[in-house]
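Take this structure, written in structure tokens, and hold onto it; I'll ask about it next.
A, B and C label the chains in the order they appear, each numbered from 1.
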Amino acid sequence: MDFGFKLSPSSAINLDNVNPDKFEELHRAEPDVYKCMACGSCTSTCPAGRYSGMSIRKVILALQRGKEKEAVAMMKNCMLCGKCSMVCPRGINTRHLILSICRIYEEERK
Amino acid sequence: MKENIVIIGGGIAGMETAAQLLDLGYKPIIIEKSDHLGGHVADWNRLFPDMSPAADVVRSLASRVSGANIFLNTEISFINKLKDSYNIMLSNGISIVTRIIVMATGFALFDASKKEEYGYGVYDQVMTNKDLEHWFNTGEDPRINDSAMNAVGFVHCVGSRDEKARNTQCSKVCCITAVKQAIELKQKFPDAMIYCFYMDLRMFGKKYEDFYIGAQRDYGIRFIRGRVSEVSENIDGRVIVKAEDTLSGKPVKATLDLLVLMSGMVCSQDSTKVANMARLPIDTDGFLKSRDNVMDIIESPKEGVFYAGACTGPKTVPETLAEARAAALKVHLFIKGLE
Amino acid sequence: MIYQGKQKIWADYQKEIPDDHWFYVRSCIRQNFFPGAEKMFLEICRGLLGKDFYETEHHTTCGGIAYHCDTIPQETVMTIVARQFALMTEAGYENYVASCITSFGNYIEILETWKEFPELETRIRELLWKACRREFKKPEYVAHASDLIYKYRNEIAAKAKYRLVNRLTGEPLKAVEHIGCHYAKMFPARGIGGAEYPYVLSGMIEAWGGNVIDYPERRHCCGYGFRQYHVKANRGYSLSNTHKKFESMEPYHPDFILTNCPGCPYFMDRWQYVIAETEGKTYGENGFGIPVLTYEELASLVLGYDPWDIGLQLHQVAVEPLLDKLGIEYDPAAKYKGLDEKEIMRPELPGVLRCC
């Protein structure tokens, strides 16, 4: 029956439903991925970010919250310029990380 | 050397003060309300950042104060101010006249049951940082079931930075304690997912940041920036926490086998009680008020009354020990000045 | 769950409630939603327990619903409330009891606001005088009607004809209690049992023989949420919040839900129908819903009143499975008969939710 309204989708993240396997695989390949402390240096200087929504900080977060497709879609805008690896205070090799994400999340990129 | 020195509190602050004074040739008196020395550190298992055993600290201090006059199971009944000294009446009937008091009355852990929304004492699988240390020490706690530890959460700032709990101060050591305890649990349960729910991470001390990086990089502990706002229990008896993942701006929910509440340091009621007897002022944060919070943190505004350790605010073990040594030196100089 | 831990909290949030002589004010909407509830409250308090409860036809809405929908300013709602207090003063009462949770919250909020800002109270007194030449004394005590049934719960238990026990199994009935948000969330100390683990309804269920279920979304809003429902574009939020609660309580198989707010029983009752029709899901046994009762209706049931005399035929979710469990005798043929024994109209039966 159509009442003119229905259940609204929830934006809440349920960590119980997040499958950690791929992120664990990424962690094995890129131990530094966990070192991100969300300072935002990468995003503030990303030449693609302000026009396309690309943020490697958000990609790392989204992968941990079960939003792989969202993360990978964002990453398509990366131009691999290397600026984020210059500014990261935790020394994360973001270039290497991005390439590993592309490899491990091959399925989600399709 | 006939001058009485009364140290109130037999935790690590009182013990270190006494140990230094013994080395300087005095015979201090330690008054301790419980039946053992060591205070909160005696309840702890290992200490950050090098995981040194807490028992070693207490044992070493205990051996150094064996020459002091120690009254265990003893409380202060009242303190009378005489002309230039104090008459301290103890609960065991002994009275001591002294010109020198060292307040080493320490802190109390915030009573986590006051944060009703976290369900400490109501939900089966909720414990505090202290309970977890007890388990590290004894291996005994019904809340920890070795075969069912798949997800564990730590809640930072329980009763700290909390106006409603009447503690606006940062309890300072809980962030690093949570990191330490999260690593220790991960070592015991390598397959468990461990979350730390934090508002800020305050890694101010020597090697703390490295410790935190290690927790992330080597142990895969998940740090979620957001304060747990509600805990409930599901039909299996596990706990469900709700928080906001403030970095993504979305509500987040997780079902956990164990929730550890990082109870903060607050001024102990006993400390306030003794301070009132000696007419010592209380600072706006509820801890004892120093003569000056920059230059004279270990001196009270009263002649001959000194502070050591967490009675003036949250402190780490090395900070407490350093203050205790400084307090001992102040006592020594004070006595020299009297001669 | 550690029951003693809850008892410790309950002990911290008890309030002294005067035993008698109350000025009773009805809710704007309850008489349409569940018309038997308020009638039965007065019947129990006056008729059965012999207490003095006064009500006046001059009482109006407290303005709370408009205030919470952001359609009238605070000064207006305060002046409306000041007029109600004037009616109480004129009638010679000092104890004020509200049937509605939002009214209760509204009164407490206004009194607390006047305590903090006495100049506002002075101004409202002026406005009331200009508007209708009335003056008022503030109540000595403001209670919610469920506080009183809680207070009288043991007297009711002593007079009860039925216990909240399943006649077929001998087991206590499993009850979900749901507290209206405005009961204690704004002022936790004003609610029996506080805001996190309220005891006002649990106390009734325990006293009358039932078992209380504590499920993960117990504290969550019923879904009404005023503007979430009243603005049609937001109505999906209302439904979704209710859905969230039902999903959370489902594994516990509750026999019924007890509420103390005008909106909560209505939305938890009616949305079960909408969820059934849109999602195809029902939460009771055998395709039925979970009956949702007000505390007055439940008190009336245990006291042995006829289910159709207390208005249970106006519930969307059929109450018959609960009546059967309680062992209450009822005449199915009388369900839709009016006071004159003539048939009143029968509702159309839903497609998915089983109703009889």
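As a convention for this text, contacts are C-beta pairs under 8 Å (C-beta built on N, C-alpha and C of every residue); 3 or more make two chains touch, one makes a residue touch a chain.
Note that the structure is predicted; figures quoted are calculated from it, not measured.
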Next item on the list: Return the chain whose centre of C-alpha atoms lies at maximal distance from the corresponding centre of chain A.
Entry: C
Next item on the list: Go through A-B and B-C and name the pair with more C-beta contacts between its chains.
Entry: A-B
Notebook entry, point to check: Cα centroid separation between chain A and chain C, in whole Å?
Noted result: 47
Item checked: Whole-Å gap between the CA centroids of chain A and chain B -> 39
Check: How far is the middle of chain B from the middle of chain C, if each middle is the mean of its Cα atoms, in Å?
Finding: 46
Notebook entry, point to check: Residues of chain C touching chain B in their complex?
Noted result: 1-2, 5-6, 8-9, 194-197, 214-219, 251-252
Check: What residues of chain A sit close enough to touch chain B in their complex?
Finding: 11-16, 20, 24, 27, 31-32, 34-35, 37-38, 57-58, 61-62, 64-65, 90
Item checked: Complex interface listing, chain B residues touching chain C -> 113, 116-117, 119, 121-124, 230, 232-235, 237, 240
Next item on the list: Sort out for me which residues of chain B touch chain A in the complex.
Entry: 151, 193, 195, 201, 213, 216-218, 220, 222-223, 225, 245, 247-248, 250-255
Margin query: Taking the touch rule as given, give the residues of chain A at its contact with chain C in the complex, in rising order.
Written below: 1, 3-8, 10
